[in-house]
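What follows is a set of structures to go through.
Heads up, the next two complexes both have chain A, just with different partners, chain B and then chain C.
Let's look at the complex of A and B:
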């Protein structure tokens, strides 16, 4: 049964990724603007253009190009970036850790902040405090992530400059990374200056990404908590002498978290989508920032590689959400 | 809590409960419960029988405005206590057997901790003692294989089993008072009888006083020594069970008894409580409301 589920999962994942690959491949080729024109100086002859096109294989039909590219992908070769002249796989995997660290940190901030606000809201239900929290989270939600980025830059980068507004780590820090997971590696190797510098650079972009999601979690989780708090088993817990806070944390939270989890799964993929613009804003050297450069330069192999990696990332996240469902809900553990 | 055995386990004095829109759920309800006594609260839906139990346990719906009256547990006035002390006092002395066993257990937690948690965290027992007590009581309520059941989740057990588990949980801390809120209503007819039997047995063994909420006069006859008949939040009659069945003073009580189907009376047609009697009672209630509000506004 489990084996069958895994197999089905793998097959659907493969189909999804293939579909994404086809769409991206065709889209970047039919969209206006081409990489050859970007590479040649003004005044290049049509002969020069034709030669360079042939060199990169752009003279062949889209179908032929796709078959060649797909053949490479299956062997682990995602092509070479036109602008950076390095293998796409190397470039993309080099940037992935930065984006993973950033979005994971944003996710934890969102869960912590949203969860806390939801519990407080449920504890203070039907009071002015709940209304206040609702209004606040509604306001927070209506401001998009990049605008939060600008607000934070203004607040903590300009008016009260305590955080770093650009890059991923202080360039003066001398540290030879073996992986690109700065926080993770800094922690393991006991270099807390590395960790602190990375955190100082990550805090603002992470907060920008986290705030809208935190507001969403706060609202939905609070609503679910309020529903669960009307259930008989929470009433019974009160009769048994547990305080309201204890009833919320011990009896209600896990039940209320189930529907919230579905939202977090979907919204987390949007959050990762949000890294594209937020990374740009903070000159954070992640995948999103690289994606914008690739699009501006019409770096077709790089665009394809990045999009495919994002798609793979989303399917992995969906898988993790499903797994955590079974972890939280014992009714799903059988069969 | 090792207080002197008090004369009355529960005493309710002139209890009133009102909704914000002025609807009165309880009207000057007074009743007492002696140690080891079972008192049935009967009446139709909305008569306030469950509200009395909820008021005692401190779980009235948040909309209810507690207007007046007092509740005494073994002589201790609950009005005199601060909310936090009140909660722990009530929890240490009383327990609830809920109506619907399917919704009264937390679906994502194992059975064991749901029984032992209150014993450890509220009654301050050791984990071992709580676990031993849980196993002992599960065995007492005829759960086969208690060691397996405490590691089960509620969805793995039947409704009847879950109700027996809830009964075990209620009796586990040896409370002085148990409120049983229609504990058989949600169950199969065949299971109902066993559950009733079980509550009666455990009640006799432990000498716990029970406030038994029900609308079933047949159940009343089986389990209780005293009966309180309620209509629209008002006590119509309060008497020993025998007296109620042999010689009820109020026509509504007689109507309720007559309306109870009996197995050997299949030939008799079903006789509901007469409509004109209910209409009369409703008029009385309205008139009383008028007096209450005119008096209150002055």
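Let's look at the complex of A and C:
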């Protein structure tokens, strides 16, 4: 049963990715503006343009171009960036670690912050504290990451300048990275100045991405906790003399966390989608920032590569969440 | 314990009313500002005056009387640009939300009621659409269609229809199994008539709540596209272009960012609070 579900999910994932590839491929090709004319110096003859177009395969029909491109993708060749003149796969994989570190940090902040607020809300249920927390998380939830980013830039970048508002690391730090996972590599090689500088640059963008998700976790987890806290086994734990806080942390949290997990998975993909504009806002050298430049420069192969990578990331995360949900939930496992 | 809960219940009741009236008042103020912009704006929103550049707001030293919220790097009055900006913001949010709503709800109703191939195709499309990072998708669409407000509105509708389609599809499926739908069909109503005259009115509260949320989202999307220079020309007074300008001049004139940011913040919060309120008011489970 489980195996069949996995197979069905894998096939629909492949169909979705194929659909994304078709949509983005057609979209970038109906866009006005000749990317080849943009990369040649002014005064280039139409012959030069035609030659270069042929080199990139833009002289063929859209269908032919698609078949050629798809064949390349299946072999791991995503083409060559027009503006940066490097293989797309290399460029995109070089930027992916930055975006992954940023979204992972945001996810941890959201889980920590949202979880804490949920436990406090459940502990103080039916008091003014709970109402206050509900109102706050409701308001926080409705403000998108872009606005949080601007608010942080203004507050901690300018009015009380304690954090850097652009880049991923202090440019004065000399460090030769072999991977682009700055935090991971800094930790392993014992360079804590690298880790601290990267973390302080990531704090504001990560907080901007984390706040709406944290509010959502706070609301949902608190709701689930309150339901669990009315059940017999938690009453039993109370009778046995556990304090309310330890009943929540030791007994209730484990059972309330499962429904929250399903939501967090889907919301995590929205969070990753949000990195596009937040990276732009903080001049953070990740995938999203590169993507916007690629669109502005009409760098068709690069746009295709980035969109496809994002789509693959989203569908894989959804797949993993569904699978782990099935594995963790006994009712679904035997259903 | 008893003493503690009694005033709380009353307080909650009042809070709920305030949560309706405060956002509504803010939106009405915006509508009024948008309608009467030429009457209330103290200056021409496009008038540049390099002798008056980066004037601070009224509560700071060096403020010029008449320029309450200061001026930007080209000497344009921030308050006047914000008032005129309300016109564009409300125009975009209403038109974009309504077109997104019509487009997405129609697909949701069809998928939810007819099922079968309708459902399969529409659900697959939703899956594909959800696999795009929305901001990148918007930037890409506007780059394809060319900058301008029409492109911004079209991009919002072409991306966010999935939000309506998913919710309305699920609700339509629930409604389609209700007794009143069967009795309408037994009474001789055609399937399409049943969908429009029986099911649509019952999913309408959800559509209206989503419309409110969408209006808030549309204001943000316009701001984001202005921020990456893809909305209308940066001379025109939109809150987004003011924010972009403010971000650029943040170390010299932070007020150019602050005031449009506060406006955007309150507007998005108001739309979503109203949307939540409508959803709770009509939802029998939540309102009890």
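Everything that follows uses one rule, which is that the second predicted complex is superposed on the first by the 283 of 335 C-alpha atoms of A that agree within 3 Å, B and C clash if a C-alpha of one lies under 4 Å from a C-alpha of the other, contacts with A are read in each partner's own complex, and residues count from 1 in each chain.
Rule of thumb we're sticking to: contacts are C-beta pairs under 8 Å (C-beta built on N, C-alpha and C of every residue); 3 or more make two chains touch, one makes a residue touch a chain.
Not measured: the values here are computed from a predicted model.
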item	value
When chain B and chain C are modelled together on chain A, clash or fit	fit
First (chain B), second (chain C), both or neither touched by A:126	both
Touching partner for A:243 - first (chain B), second (chain C), both, neither	first
Touched partner set for A:311, first chain B, second chain C, both or neither	second
More chain A residues in contact - chain B or chain C	C
Partner chain(s) touched by A:143 [first = chain B, second = chain C, both, neither]	second
Touching partner for A:153 - first (chain B), second (chain C), both, neither	second
Contacts of A:43 with chain B and chain C, given as first, second, both or neither	neither
Which superposed partner A:254 touches (first chain B, second chain C, both, neither)	first
Touching partner for A:16 - first (chain B), second (chain C), both, neither	second
Partner chain(s) touched by A:171 [first = chain B, second = chain C, both, neither]	neither
Superposition-derived angle with apex at the Cα centre of chain A and sides reaching chain B and chain C, degrees in steps of 10	90
After fitting on chain A: smallest Cα gap, chain B-chain C, Å	7
Residues on chain A lying within both footprints (that of chain B and that of chain C)	126
Residues on chain A engaged by chain B in the complex (per definition of touch)	126, 231-233, 235-243, 250-251, 254-255, 328-331
Contact set on chain C toward chain A in their complex	4-5, 8, 11-12, 15, 124-125, 127-128, 130-136, 139-141, 143-144, 146, 216-217, 220, 223-224, 227-228, 243, 247, 250-251, 254, 257-258, 261, 264-265, 268-269, 272-273, 276
Complex contacts: residues of chain A adjacent to chain C	12, 15-17, 19-20, 23-24, 27-28, 30-32, 126-128, 131, 135, 138-139, 141-144, 146-147, 150-151, 153-154, 157-159, 165, 269, 272-277, 280-281, 288, 291-292, 295-296, 298, 303, 306-307, 310-311, 314-315
Parts of chain B lying in touch with chain A, wherever the complex brings them together	57-59, 62, 84, 87-88, 90-92, 94-96, 98-100, 103-109, 117-118, 121-122, 153, 155, 166
